[in-house]
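Same chain, two partners: chain A is paired with chain B first, then with chain C.
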Partner chain A sequence: MKTILTALALILVLGGPALADDRLEVVCTVTDLGWLATEVGGDMVEVTVLCPGPRDPHFLPAKPSLARKLGRADLLCYTGLELEVGWLPVLMDKARNPRVRPGKPGDLDCSRALETILEVPTGTVSRAQGDVHPQGNPHYLLDPRNGVRVARLMAERMAALRPAQAAAFRRRADDLAAALATRIAAWHEQASSVAAHPLVIHTKQWEYLADWLGLDLMGAVENRPGISPSPRHVDQLVDQARSRGVHLLIAAPWNHLDVARKAADRMDATLIILPAAVQSLPTATDYITMFDVIVAELTRPTGD
Partner chain B sequence: MGGFAMMMAAPVAIALVLVVMHGYLGGHVVRRGVIFVDIALAQVAAFGVAVALLCGAEVGSQTAWFSGLGATFLGALLISATRTRDENIPQEAYIGIVYAVFSAAMILVLTQIPHGGDEIRHLLVGSILWVSWTDVLKTAVLYTVLGVILWRFHGGLTLISDDPDAARKQGMHLARWDFLFYAMLGTVVTSSVQIAGVLLVFTLLVVPTVMVCRRNCDGGLRHLGQVLAIGMVAVMLGAAASWWLDLPTGAAIVCVFGLMLGLQASVESMVRRR
Partner chain C sequence: MKNLCIGCGVALLLALAVPVLAQSSTATGVNREFNPAISVNALLLGRVADQSTERAVNGADLQEAEVQFTSIVDPYWKANLIFAIHPKHAHDHDGDPDDAHEAGGYSGHVEVVYVDGQELPAGLGMRLGKDFLPFGKHVPLHTHQFPFVDAPLAVRTFLGSHGLTETGVRLAHGLPLPWYCDLEGYAVDGKAGIFAAESRDAVFGARLINLFDLTDDATLEVSGSWLRGPMAHDYLMLHPEDPLTGDLQVWGADMTWKWVSSTSTHGPAMTLTGEVILPQPDQGAENPSGWYAIAQYRFQRNWWLGLGTGAMDRDLPHDPDHADEEHHAGLWHWQKASEYKANLTWVPSEFSALRLEVAHFKDGVGDADDTLVSLQFNFTIGSHPAHLY
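On to the complex of A and B.
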């Protein structure tokens, strides 16, 4: 009996600090947000990411472990603009976590950090256009300036949830913004050589990247997301690509790469697979190397 | 018109190659009453590819391909073992079970691998529009080899499809013949599904035979000729509709097959009423 009591006392004394761990539990839907939250929060937060980098964030199979992770969250950071609409609401239902319900301080729609949202559809949205996002294009983290905006928004929210550490969160966000600012200028400079050339993309998700780097996106192979293209669309696109001398076709790692390869062949273009999210390719280990890889791939000489 | 020829020639050519092979095999499939066996075998093959990825192979590598083929043979073995004489349980029940269990098993395997999952899902939704002449040639060669084997065993396969009891009385080993048939069918559909997708392969296999069998179902040369004629007309119409109405090609062809069957059925019923 005495040994048991001693053991219990020991557990309380030793485990006490761990149990009373005051670190903010931050759950992020995608790896880009996970990286930003870690940079802003440092060791004041514990970050968990729901959708692993190599997976298409539009489609994530719901697993019980994901709901458990969400259940522990003090703060939920998501992309918004309906990117996660296929799986996040289901997980929220299962997790039953009042701290991150919509409208609570633990609920953070990171798209609120944006100044401009691209491609907000005008008129009525119908299923005939494919899987269109009715609130606008949600792939805004492919513009690193938006990454900075999101980091600042995260810092404010973390500060509100942990007022004692508010200054530290804001300072870390400032540091990150400063570090990214120099890289952003360098990437922009490096990519200026490709800005003049038209590009073809496999599926629409590169618009923010193009907006930032001034890329000329001529058209998408799968122009209606989730629906296979019609022969006439492909014919016109191939004709146009050949006549304008398109060199590159950009695809995400989760695109139908076999089709992308064949499309590139028809256009006499080179297929490049760019990391559309942190860790979606082994080389894109974090948010910064992701843009290193993107810019390096875009500017690599294609041999002709 | 130039654009039409450029874009649609290879897809139409491959569809015609598929029509020949699937038209023949479809006759067996319909008379055996194992309509969904192709989808089940394709799913088992995709499971095989998923397992190869789990063991570290790359999508599109030889290892992955052989793993898929091996799994197809396993599927063929399972399905030939489920031929029952129990009238309460149709063989389609087992085929459905094979499909469901292997689909689920594939999902479980896919959650364990970091990437490649999307590529495997793409294995089951081929896109006929992107077929190249190299694909056409490769498929034609593969089907010629398989066609020679099928021709050699045509008599035995037909007897088993039509009258298994008579075959058994002649001392034929049904399970072995069944395995031969399902292994051949599995090899054909796993390659064709990657080219044309599950829906089109299923349609090519079943619809022409059903249309012919409404009138005569003997599996002879005349029957086969009609199957091929129907298949070719539908493929051409579907490809034309896809081009001029600006629609996805595979789906357009499938719907033309459906419309042709519907048209046939309504004409037949009008003639009969008269």
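On to the complex of A and C.
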């Protein structure tokens, strides 16, 4: 028994949180949040991202090694609105980290920064509608104005966790907001020509982008999220798209591109694959270049 | 007239309900905000056997339904309760002929009820309550998570056909190594079929998990399990005149390679799993062993292919009623049973699946070989917690 107790004590001592430097350990679920946290925190934080850019954040395999990273976190930043519901709760249980449990200072649901949540279902919510998000559309980081709001929220939380560096966090968030404001205006003006034309999307996740740029999203190939579209729905969408002169079909890199490509061909439209997250395409290296790529692709003359 | 009365009754209830809903929960005490998340998972199974004519094997029925409740208790505990319902067969009554007439209905039991500590220091995990024991890769799975309709032959034979759920305490902690390494130990009661805990007896066990990230898309898990407890008097379905006594110790090792393509949602994915189970009973069968190997491959968005095989070896009496005499006379025979399985599963969404399976069993003696063809439908409704990796 003495041997067992000694071994247990040794495990607890060795397995406890390593003596970290003074930097705040921030774990972000997705790359967009990771970039924002890095910008706000600078060298005062150590940022780890759980879901790599090229992977669909709805379906990240909940590898135990990710729980190990989460176990070291002082601050967890997640998208919320149930985007990560398929894997984050599993990692939270495995991580055994009371600092980031819901309600604790280290728990940051970034959707709380939003002024408006789009597509909050009204009436009965049913899975007959597919894999809907009952609290609203979680893809709000595709509107850069929301990126600014999230950055400010992060700064406040980091300030609360590291009061000595509060001013630095807030200053960095202000600097980021100023830099983004200039770009946001430029992107909006650059994309103004696209607003006149209806677009088709592969999966519902571009609504915040459309809301910001004034895009006319005519319909989705995958009309029920997470469910393969029926041939009848695709036929109807193709007919509608052709009658309205749709030129572009938008998809994310992780969508079923063969299905999207066939639909685009039938519509005589061009399939464009836009970065739906930072690093989801090699060209979208950060949050700013992601919108550079999105706007450039949307405004590129078709046929190029 | 009857419909009119029902209609009036419903209208009256609605009229009464409106003011109740408008009232403050402070006064009514009726507040649904804290209700647990509720989900139901059901497995429907139709099956026909080539040889067996037992009703328990042939026919169509509910295989199992689980009703799950999950909630945060308070800042310190998170709770989970699963109530399982399954068909009642004659073997559920331990062969008691007086109960046999009840076969054909359904019975239910609390399969899982536990709390997980939420505020423990130093990365320590603690689970109090009843749950599947963390032995190997298959034992912790709920029926709707099985890669095939039935558990592997070696698991059913050596660790019980009804799942290994026990009540007690489990402690877990990560080890400070460059890869993911988690050690879990437990002390539980011994009520499952393979145990015969009496008085202050308990079952002890441990599991060590090592998981290596080979690439962003692939992992390799190499793990080991051990448990020890008072052996059931009829372990391995032996019924000697003198009931078996002593302890049962079981060792296990398992390896899983998993690959999930990151290029596309619901893109290609593959899992290869192998497990070895080595029971060491103090008395009865000598040096039994078993293993299984399973391959699962998602070759299209909604389609999975599964292949599995496994075997077990054990020493058995020709006549269990005279096991002791046979054992002393050296008359026990060595049984090598094996199985081969293949299935095709259509998964139209995360919440339903339809599976067609063919399984062939060779019992090693030759008089009970059989082939089973199964069609299984699995659905989930409600707020079901995400599954482990």
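Simple rule for what comes next: the second predicted complex is superposed on the first by the 283 of 304 C-alpha atoms of A that agree within 3 Å, B and C clash if a C-alpha of one lies under 4 Å from a C-alpha of the other, contacts with A are read in each partner's own complex, and residues count from 1 in each chain.
One rule holds in what follows: contacts are C-beta pairs under 8 Å (C-beta built on N, C-alpha and C of every residue); 3 or more make two chains touch, one makes a residue touch a chain.
Here the structure is a predicted model, which is why all the values come from computation and not from measurement.
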Side-by-side fit of chain B and chain C on chain A, or clash: clash
Touch count on chain A, higher of chain B and chain C: C
First, second, both or neither for A:Gly226, with chain B first and chain C second: second
Touched partner set for A:Pro54, first chain B, second chain C, both or neither: both
Which superposed partner A:Asp235 touches (first chain B, second chain C, both, neither): first
Touching partner for A:Lys262 - first (chain B), second (chain C), both, neither: first
Which superposed partner A:Trp254 touches (first chain B, second chain C, both, neither): both
Partner chain(s) touched by A:Pro89 [first = chain B, second = chain C, both, neither]: second
Partner chain in contact with A:Pro64 - chain B first, chain C second, else both or neither: second
Location of chain B clashes with chain C - one stretch out of 56-64, 74-82, 92-100 or 236-244: 92-100
On chain A, positions contacted by chain B and by chain C: 52, 54-56, 61, 63, 227-228, 253-257
Parts of chain A lying in touch with chain C, wherever the complex brings them together: 11-12, 14-18, 52, 54-56, 58-59, 61-65, 67-68, 71, 85-87, 89-90, 93-94, 96-98, 101-103, 127, 130-131, 226-228, 253-257
Residues of chain C touching chain A in the complex: 72, 75, 78, 116, 118-125, 172-176, 179-180, 182-183, 209, 211, 213, 216, 219, 258, 260, 262-266, 301-302, 348-351, 381, 385-389
Complex contact set, residues of chain B against chain A: 3-4, 6-8, 11, 60, 107, 111, 114-115, 117-119, 122, 125, 127, 129-130, 132, 242-243, 246-251
Chain A - residues contacting chain B, complex: 52, 54-56, 61, 63, 227-235, 239, 253-259, 262-263, 265
